[in-house]
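Here subunit A shows up in two complexes: once beside subunit B, once beside subunit C.
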Partner chain A sequence: MISKIVKSGLTRRTFLHSTAAAAMSAGLPGASLAAGSTIKIGFLAPLTGAVAAWGKPGLDGCEIWAERVNAAGGIKLGDGSHNVEFVAYDNEYDPAKARTGATKLIREDGVSFIMMLGGDTWPGVQPVADKTGMLFSTLLPSDLSPDTNTLIAPAEVHPIYNVTGVEWLAENKPELKTAVMCAQDDALGLPSVATYLAAFEAAGIEMLDDPLLFDPATTDFAPVVTRLISKNPDIVCLDTCYSDYVHPIAEQLFQQGFKGQIISCTADFYDQMIAKTSEEFMEGFVFQFPDFDDPALNGDNINFTDPNGFFAEFNKRHPGQWGAVSWEYASIMDLWKAAAEKAGSASPDAVASAMKQGKGKHAFGDADWWGTELFGIDNALVGDWPVVAIEGGKATIKEFRSIPDWYAKHGDLLVKHMKAYDQMWDQRS
Partner chain B sequence: MLDLLAQTGLNAVYAASYISLVAVGLVLIFGVMGVINFAHGELFMAGAYAIVALYAGLNVPFFLAVAAGLLFVGCLGLLMEKALFRPLKDNPLGGLVASIGFLMILQALAVMGFGVRMVHIPPVTQEVIAFSEKVRLPVARLYVIIAAIVLLSALWYFLKRTKFGWALRASAQDPEAAALQGISITQTARIAMFIGAGLAGIAGALTAPLVSVNPHMGHSVIVTAFIVIIVGGVGSLEGAIVASVAYALVHTFVTTFWDGVLADIVGLSLMLLVLIVKPTGLFGSADRA
Partner chain C sequence: MPKFLIWIAALAALIALPHGLSFSQQEILVFLTINVLLVASYRLLTLTGEWSLGHVVIMGVGAYSSALLTKKLGVYVPVSMLLGGVIAALIAVLLSFPLFRMKGFYFLIGSFAAGEIIRLLWKRFRDPFGGAKGIKGIDPMPDFSVGFYQFDFFEPTSYYYFAGVVVAVCLWILWRIEKSPVGLTFHAVHWQDKLAQASGVNVRAYRTLAFAIASGFAGISGALLAHYVGTINPNAFDIDLMVFVLTWAIVGGTATFYGPILGCVVLTVINEVVLRELGLEQMRPLIYGAIMILSILFLPNGLESIVQKLTKRRAAGGAPERSPAE
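Now for the complex of A and B:
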């Protein structure tokens, strides 16, 4: 029988591929849910291992989000209200485990949507997404390409929003004329390097040296900092370094006597950095992720429900664990919920379609689906992003700035630097 | 430029100090027991978490917490010797595989006890010795340098000038002959494990306030330690110290004057070069390799 199929022109590979697709599709939950049943959402991220800090706090935030939504009556679809429940799978930031997890979440748990950190794990999951049509989200838009039709990046357009911090610095501290930068040599560090280079060039800030790349396994940052400050820069840029790097680098900058401006994508647990340096040293440290008790998040432009209450509840349950991703997965769920209610269905196709009608309700304001030029597909939600500075020992939103406005003026610079670092979607392997 | 060279030199001395503590412990265990202890990086991590628990958690004075860390990790070494390495001593790969299992257990315990994120440790001191505006040595780093000099000198004295040290060296050179002379191989193995693990533990404890403490912090340390002991000569304590200094100098200077990623490549190339030119390592002997 198989030989007949092969003779008919169907290759063995195609046959197996099709069979796998059919098997997977058979396992995909139906578009309709039983009335009153619980909607299950997959949470496929690293919950243990070195990258767990980018997953676990997000799941903690989602649990709070689910409790609040369920207490308010659940998600209202065409057939009535449904409670929501998260089903977590720890992919340990491993592509093979992520693939297993995606299959399990779809076939065994019957989830309607899967949230991921993305990055190295997305290539493992993409074949499952292709076969099943399941809607996935990633925190890293660098996962996007023209082939990723069912993948969206609705929370953050990393690293493009970093341009807002540099632009704000240039306008508010024009005396800063020179900069240096360091970054870990990985999939998060390099596109961010290209973005900061574009932002500094657009702002007329001179780079005194090539970006200093270090191995992600680095633990002693004294040599890195010695090199960085040897040319007396006005600004030291810490790129998108992980917290494990930002803290010791900041401490080394303090100990080696740096007195200039620091800018970084993140400053998770900045209170600990202050404890290791001083409040004076950290004053004015610019980064991109606010605390959600910031009064600026109570404005009408914000689409995140009760950010101050969410922040308080998170810190009550998980003291000292608030970080950049604590709110991001929950904000994706706000967007998903709005789209599902608009579509009247939790089916991936219907939600995706409803989500992309008109402007998206991003946490920091209404935003546009964008990205063809950089990612090959308009599946990234981009709009305003906050610039945050530490003032008096507390993160304070200084201003919301528009990423699309910056891109309209300086997009060519970004593309130039992304290409130089092989970070355009058609350059990534 | 002189300032930059001087600061880089100070950075290299610090790096050589903690690397040599870890590497010497690893060599001691291998030399006496013939076991490649893959869990050595996690013993370093356990020392760091002793500081988290005692100094950061219970406000125990730092140096008391460091001493407790040394004892705690030394006792972990004794546990490994009794529960893992002794029962598997006749299996050539048994100790290695068991140590891999033990490192996973230690990592899991750290995750369960302290979570997956890096843990904050208050600074021991913010004092800095300023030789000039741009040449500065934080006192917390000086502690590591002093500890390495004192402990490695003490170890040298112990091995060369005491009866237990002679027994240890005899066991490392020829266990059967040592046993025929009445030396207890089990006893020397215990001493080697305690000292070897303790050195890793104290290195982790002393550097804990200076690095990001997390359950996976042992990975990079063990990789560096393996490079160092291969360059120095597997089983050679002198080789481990000389290679630690050489590796730290090369890695620090290349990072500062060129690139951090290039520094890793140069470090590995150094190891390959030594293996090609002298396969036994700088101080290694053919029978040990």
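Now for the complex of A and C:
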């Protein structure tokens, strides 16, 4: 059958038809939905390995989301209500395995939408996305480019939101004048380095040294931290380090007697960090990902459904596992559900089109589709983002700040530093 | 059954194989085919008694070289794959000067350090290597038709056939090398290096030769990978993959040509197909580790020892031993 298809020239349409037919003939759910059937959503992220902390808790959150939606009657499309189910594939943060996973989810499982972490794995999947027209989401908008219009970044504009933390620090702790930074030298670390450099420059905070880029295989962080704090900075910035790095770096900062301010993109499993250091040491640690039992999330501006209840249920099922991504994939599903119901269809084209009509219902408030300057395409949903600080051993939202407002004032700085690190969409090789 | 009939049956089975698999299993089959060449080339190096921790990085040299030749110079993909192998072999020759001042454990550590230096160079020089993000949008193998079959290299089946032919030719060359006087000298360098040296064999030259040949074929496997996935980055050739290569070689056994290949096939099928199909997605590292420990405990000579036992038993059953009186 494939030979016949390829002989006649494989188009997106023939591809999807053949996929549906193949799935049917294999006794698997088809790509087109039957009335009342279950809608399948693909979850293509690292579930094992060093980056699993940004995959597994997200899948756990999605399972809770699906149970809640199904209990409330499912997803209401033009042909009736459908339950929703997640099909996961562990890509181990490897582009080749991500390609295999995307192929499986689309051609065998007949999913209607695929959520990814993105990063190193996206280039492996991109040819599959281009060929099939499947709608994908990424948590890392640095994956976006005009080459693929079926990739969206609707949950987080990593790393751009990191500017809000620095801006908040500069306004609330003006005595902090100098900073140093470290990051793993990879696709996740570098755009974040450029963003923090822009944010520090905009805030008038001096960088005492070039960012210290360490190899992702690093396991001993004592020399990294020794070099970091050798210039006696007011702020140590941990960039977007994986939690496997944030924990040992924080431990080393504690052991080597650092008394200043720490800022980081994430502080996943911060309770463990407090246990390894002390409550006093971690007091005032600034990062960007709140616990969802925070009262600030009960405001009218918040679009995430019942954040407190979601957090309680997550912690009941997975105690101690709440992290940066626990709610993010679920919040993408909120957007996808609203768009599918608006379109009356789960087909990727219809959902993508409905999703981008007007303002987007981002978890932290209504937001705009944005990104042409940085990503070459308006496929990132950008609005407010919370600044979180640890107070009394608990993550607390200090304030919501507008990313577009910061960008309007300092966008040129961000572009400058992104260019210096070859992170603009047209610089990627 | 005559031997050529067995080969024809095996060839027919390999041609039919992808059509009995699901789409994702076809994808895994492509990567498995590429990894077979990687591990078989690794065994050639081990013939001289040296175990390297830089083989996967050398594979990456082939991948980067081929990708850059097509992207920057517009070289035709099959030619760039071949050149990727040649460049990997040349880099190995360069590395051999410092590395073959060492032996055994020191060579192992030295090869790891050399590999890390190469990986760091890929990261440091964003132009031309793309830095930590690596290179993406690598030209795929151009589609073509052979009349009865249209090769569309987005499709795993097409790429499997292409990679299968390339790997089969490479394996045949590796096999011929091992069975040639050069291959026998490799064995001598491993087991009787003093005697070989006393017989006039330039031990270091033969170690370099084995290293260069193994690296050349590893480079071709890297090029095959790069032009299929369309992206490469330094992390794709890190110590994690090297541990997998070592595991395939150790679990399969390195006494025979097919041992490491057997290890690669069996462990890949278990890890990527069986455990995933059983819904043990997130427990795979645990179970994979347990299988490795058990195989080392109960099959110290590798999976190849099972095949050897079976073939010996079959040979004994087919042709009963004659008594001296007869």
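Note that in this section the second predicted complex is superposed on the first by the 397 of 429 C-alpha atoms of A that agree within 3 Å, B and C clash if a C-alpha of one lies under 4 Å from a C-alpha of the other, contacts with A are read in each partner's own complex, and residues count from 1 in each chain.
By our rule, contacts are C-beta pairs under 8 Å (C-beta built on N, C-alpha and C of every residue); 3 or more make two chains touch, one makes a residue touch a chain.
This one's a predicted model, so the numbers in the text were calculated from it and none came from an experiment.
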{"item": "Side-by-side fit of subunit B and subunit C on subunit A, or clash", "value": "clash"}
{"item": "First, second, both or neither for A:217, with subunit B first and subunit C second", "value": "both"}
{"item": "Which of subunit B and subunit C A:48 touches, first, second, both or neither", "value": "both"}
{"item": "Partner chain in contact with A:386 - subunit B first, subunit C second, else both or neither", "value": "neither"}
{"item": "First, second, both or neither for A:159, with subunit B first and subunit C second", "value": "neither"}
{"item": "Touched partner set for A:56, first subunit B, second subunit C, both or neither", "value": "both"}
{"item": "Touching partner for A:99 - first (subunit B), second (subunit C), both, neither", "value": "second"}
{"item": "Touched partner set for A:255, first subunit B, second subunit C, both or neither", "value": "first"}
{"item": "Touching partner for A:123 - first (subunit B), second (subunit C), both, neither", "value": "second"}
{"item": "Contacts of A:190 with subunit B and subunit C, given as first, second, both or neither", "value": "second"}
{"item": "Against subunit B, colliding segment of subunit C, chosen among 26-34, 44-52, 134-142 or 242-250", "value": "242-250"}
{"item": "Set intersection of subunit A contacts, subunit C complex versus subunit B complex", "value": "47-49, 56, 185, 215, 217"}
{"item": "Of subunit A, residues touching subunit C in the complex", "value": "2-3, 6-7, 10, 22, 26, 47-49, 56, 88-90, 94-96, 99-101, 103-104, 107-108, 120, 123-124, 126-127, 131, 185-187, 189-190, 215-217, 422, 428-429"}
{"item": "Footprint of subunit A on subunit C - complex, ascending", "value": "22-24, 27-28, 31, 71, 120, 123, 126, 128, 130-137, 140, 149-150, 152, 154-158, 225, 228-231, 233, 235-236, 238-239, 272, 276, 281-282, 284-285"}
{"item": "Complex contact set, residues of subunit A against subunit B", "value": "47-50, 52-53, 56, 185, 212-215, 217-220, 222-224, 226-227, 230, 243-245, 247-248, 251, 254-257, 269, 272, 275-276, 278, 320-321"}
{"item": "Partner subunit A, residues of subunit B touching it in the complex", "value": "4, 7-8, 11-12, 14-15, 111, 115-118, 120, 122-123, 126, 128, 130, 133-134, 136, 138, 141, 210-212, 214, 216-217, 219-221, 223, 251-253, 255-257, 259-261, 263-264"}
